[in-house]
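Please go over the structures that come below.
Common to both upcoming complexes is chain A, partnered first by chain B, then by chain C.
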Partner chain A sequence: MLRRNREFVIGVTLLTIVLAIAASSIFAPYPSNDTFVVPPDVPPSWAYPLGTTSRGQDVYWQLSAAIRNTLLFGFTVALISRCLSLAIGLTAGYLGGFIDRVLMSINDTFIVIPLFPILVLFYFVMRDHMSWFLLALVMACLGWSYDARLIRSVALSLRAREFTDTARFSGMTTTQILLREHLPYVLPIVFSTTMNNINWSIGLEVTLSVLGFTNIDTPTIGVMIYWANQHTAMVAGIWWWIAFPVGLVAITFIGLFLLAVSMNEYIDPRSRLSRLRT
Partner chain B sequence: MPGYLAYFVRRLGQFALVVFIGVNIAFFVTHATPIDPVEQTISAATSFGSTSPEAIAQMRQSLRELYGLQGGLLEQYAVFWKRVAVFDFGPSLSAFPTPVSVLIGRALPWTIGLLFVSTVLAWVLGNLLGGLAGYYRNSRLLRLAGVLVMGFHPIPYYIVAFVLLILFGYVWPVLPISGGSQMNLAQGFDFRFIVSVLQHAILPALSLVLVGIGGWFMGMRALVSNIVTEDYVTYAELGGVNRPRILLSYVMRNALAPQITGLAMSLGGIFNGAIITEQVFGYPGIGSLLVDAVHAGDYSLVLGVTSVSIVAVSAAVLLVDLLYPLLDPRVKVH
Partner chain C sequence: MTLTIDNLRAYYISSGREVRAVDDVSLTVQTNEIYGIAGESSSGKTTLIKTIAGAARPPLRIHSGSIRFDFPNRTVAMQTATETELAEIRWKHLSYVMQGSMNVLNPVRRVRHSFIDFAYRHIGGAMPDFFTTIKDHLQRLQLQPEVLDAYPHELSGGMRQRVAIALATVCRPDFIIADEPTTALDVVVQKSVLTLIRDVQRALGSSMLFVTHDMAVHANLCDRLGIMYAGRLVEEGRTADLFRSPTHPYTRHLIASLPRIGAMATAPNLAGSPPNLANPPPGCRFHPRCPLAIARCREDVPAMVQTGDGHRVACFVTAP
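Here is the complex of A and B:
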């Protein structure tokens, strides 16, 4: 897999770089919310490799704390929403019939409902009480639907397989069948959709933060861009304050995206075959 | 045709369910939180100078009425539904005394014009290119197009918009970067106004299409390259049917069905896109309205925009769903 798949290698390399930057935040010389600890507005130099912000923060340390929080946010959303979509998708696919129809109607509803106005409404009501984890929770509750449908379609085909009948006749309960028999089949798909889900949640978080609709005391990539915009960094010519976070988040996106694509290809043997042929 | 009727009824039911759940979420979000919008508005209004307790009590009373927050939870729920049903959210606080519905009505055409058109444009272009790329696999030009299109796909929309803004606003200033039309033009159906609207729409639409096209492209290419291997396509090729015709009416028409479902789903994203696009390009649509309302603390306006976007999106999805059987006759039998 490593040798044949270029996308996989590039994706892993990019993500390793991003993770290394995020991990380096534990060596930060000062807490990430402190301001005016270094001279402001210094362009990239040997002392400050990525320059400093107008708020007197080293862009590199700020960036590493921000990407760490952003990634954690993405993982949290993905984890919670994976649990939801697995539970709903497997149940709907296995039980079928009426329950399936009800669950899928709700599912389709969540697919089309406009998320952003709801998230903005949520921020509007919560204001200062908006915490990082709360936002992750809400986004997970709104973001499970697409993958639940995918998992359901796999579960539907698993139900028709013989081993499901064998398991049922040997006296396993529904929960046991779902967890022990069906779950392992679905996991590879879940893994690749996780990447997409992380991308989705990070993108939404960045967007919300850029507009100032999140808790701006927790540094994330979006919050960083927000502060840069607040100080009109682009007009003032402090490009390094915007360019580096934007670049890093783009690298994260492309890395996760390539990983998801290559995994999809690895999981789906049909596209792997057609790849070998051409 | 009873088949179509059953389909119609089912879709209508789905539409009702989307609106129901959406409005319930909006109600839940505004009522399950520990923060009271009335107290928030009062504290904002009284933060400058002191106000007598009686005046505050009176203000509290009238704000509760205005926001539909008096009475028990059930009563509030009923009031909430009534407001959504008749699209009456009372006057806006930040643009007093203009009613919320008027503000929304003014902004909605801009959003629908820009977002709807560019979403559909991205869909058409992405599918066309994807179909071509899936069929003519060895074309260098199409491969290059594929790499370009897919390269834009994972980049967050905000960043693409920003880069376009810098490129065409500062580096090579040929296009207007902000607003919906030229400021001093009267809005009407004359030539100059329409040209100005189109000019202002180029950049935001371009950014939306660039980002949106990739997903459709990939989906269509995968579908087409699967269908191309089917026997009937080979048969048509051997039978000497010309290739554009095979691609368009033999291959792509079959691949279109799931893409249309996808289009219906992505219409839900229109309002997500609207907020960012309109914010970046200063477009006078529903997204700008929402952001301004949040910053001004205008409870009724925020609630109104959210509810209207839920209803509008589900209506758009319903429309796509109802057109679906025209393209895929199998639905009728189902």
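Here is the complex of A and C:
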């Protein structure tokens, strides 16, 4: 896979760079929320490779803490929403009938809900209690619906297979059938949609943060851009305060996207074949 | 170990429509016997089997009649059995090789896991002992123990079929139900699988209900044979008797249609097709296609009549 698929190689390389920057945050010389620890507004130089902010922070250390939190946020959302979509998709597909109709009408409701206004509204309601984890939880609750439909469609076909009948006949309970027989079948599909889900949640988090609709005490990429805007970094010519976080989050997006695309291709034999032909 | 079915009716009922897939079937399977059920597609074979195995799920419902299994130390009436009762007998006493049995293995899990998932709960004991039992059993079906670590797609069709049979017989069940277990195989593999089925059945001393539309398979394997047409049993007898002297007009045509070595003439063709079971013809269900039909066939339903030693036929004309 490493040799044949160029998307995969580029995706892995980009993500490794991003992860390395995030991991380096443990070597940060000062806590990420401290201000005026270095001279403000220094352009990129040997002493400060990515420059410093108007709040007296080193852009590199600020960036590494921010991307760590942002990635962590994406993973958390993906993890929780995957659990939800797997549980709901498999159950609805396997049981069918009334339960399927109830679960899928809830699912369709979530699909048509406009996410952004809901999240902004949520911020205004929770304002003082808004935390990083709470936002992740809310986004996970809003982000499971597309995949639940996808998983349900696979489960529907699995339900009619002989091995499901045999499993039922041998006395396996519904939970056992779902976890031991059907879950291994849908996991590869889930794996590829996870990347997309991480992308989606990071994108939404950055959007919300830039506008100041999240807890701005936890540094994330979005919060960093928010502070840069607050200090009119663009007008003041402090371009490095904006350009580096935007660049890094773009690299993250591209890396995850390429990984998702190549995973998809690896899982779906038809697209692998069409690749071989061209 | 015997199975007794009395006047079984099993219908598919959905939104007012009633498909009478099994209508008034009575039969007995004796200990240590292979009973074959023959009939063309949509004659209700699989429905009958599903109902007998207690695997009927809506819209399929048992309308009336009884299915009784007499196991050595207990009697189970399928039409009233509770889920726990079913769970106790299934696999251990009663096993079911499903239609398309090549696909009973989960494609994304190793064969070993299918054995653990399906059979372990019924055998129990320590895991190493369990696998010793399984390996011994696989040997009996001429399979290497290595198949346990393979994924289903790595095995050939014949091997998968044998694994499926191993899976169904590993708990030494008293009664085996097999629904077209060899249909997808070529004749050479089919022959060896059938021999294996017979050997395993003899070795375990189980009774067996074997369903297929392939008359050649029936001739080779079964002790007794029941012929189904449009949801009803029309004739039943010892396999040799049935092939030598078929009595019901449908059976006669069925046997006459089989290709024979050296035959130059085209086998006779029976006009028409099996009736729609949602709206079956009155009287004998075969009468629209029957060359011997008389007026009574259109009104009354013929009952199964004893015509000889263990031979039963449902026909007004040939077995009055």
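Definition applied: the second predicted complex is superposed on the first by the 278 of 278 C-alpha atoms of A that agree within 3 Å, B and C clash if a C-alpha of one lies under 4 Å from a C-alpha of the other, contacts with A are read in each partner's own complex, and residues count from 1 in each chain.
The definition used in the following text is that contacts are C-beta pairs under 8 Å (C-beta built on N, C-alpha and C of every residue); 3 or more make two chains touch, one makes a residue touch a chain.
Remember, predicted model here, so these are calculated numbers, not experimental data.
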Side-by-side fit of chain B and chain C on chain A, or clash: fit
Touching partner for A:Ile254 - first (chain B), second (chain C), both, neither: first
First (chain B), second (chain C), both or neither touched by A:Asn199: first
Chain B versus chain C as contact partner of A:Arg180, first or second or both or neither: second
Touching partner for A:Asp217 - first (chain B), second (chain C), both, neither: neither
Most chain A residues touched (candidates chain B, chain C): B
Closest Cα approach, chain C to chain B, once both complexes are overlaid on chain A (Å): 16
Residues of chain C defined as touching chain A within the complex: 53, 55, 87, 90-91, 96, 98-101, 103-109, 113-114, 117-119, 121-122, 167
Parts of chain A lying in touch with chain C, wherever the complex brings them together: 161-163, 165-172, 176, 180-181, 184-185
Residues of chain A touching chain B in the complex: 105-106, 108-118, 120-127, 129, 199, 203-204, 206-207, 210-211, 213, 234, 246, 249-250, 253-254, 256-257, 270-271, 274, 278
Residues of chain B that touch chain A when the two form their complex: 13-14, 17-18, 21-22, 25-26, 29-30, 33-35, 37, 40, 137, 153-159, 162, 166, 222, 225-226, 264-265, 267-272, 275-276, 279, 290-291, 294, 299, 302-303, 305-306, 309-310, 313-314, 317
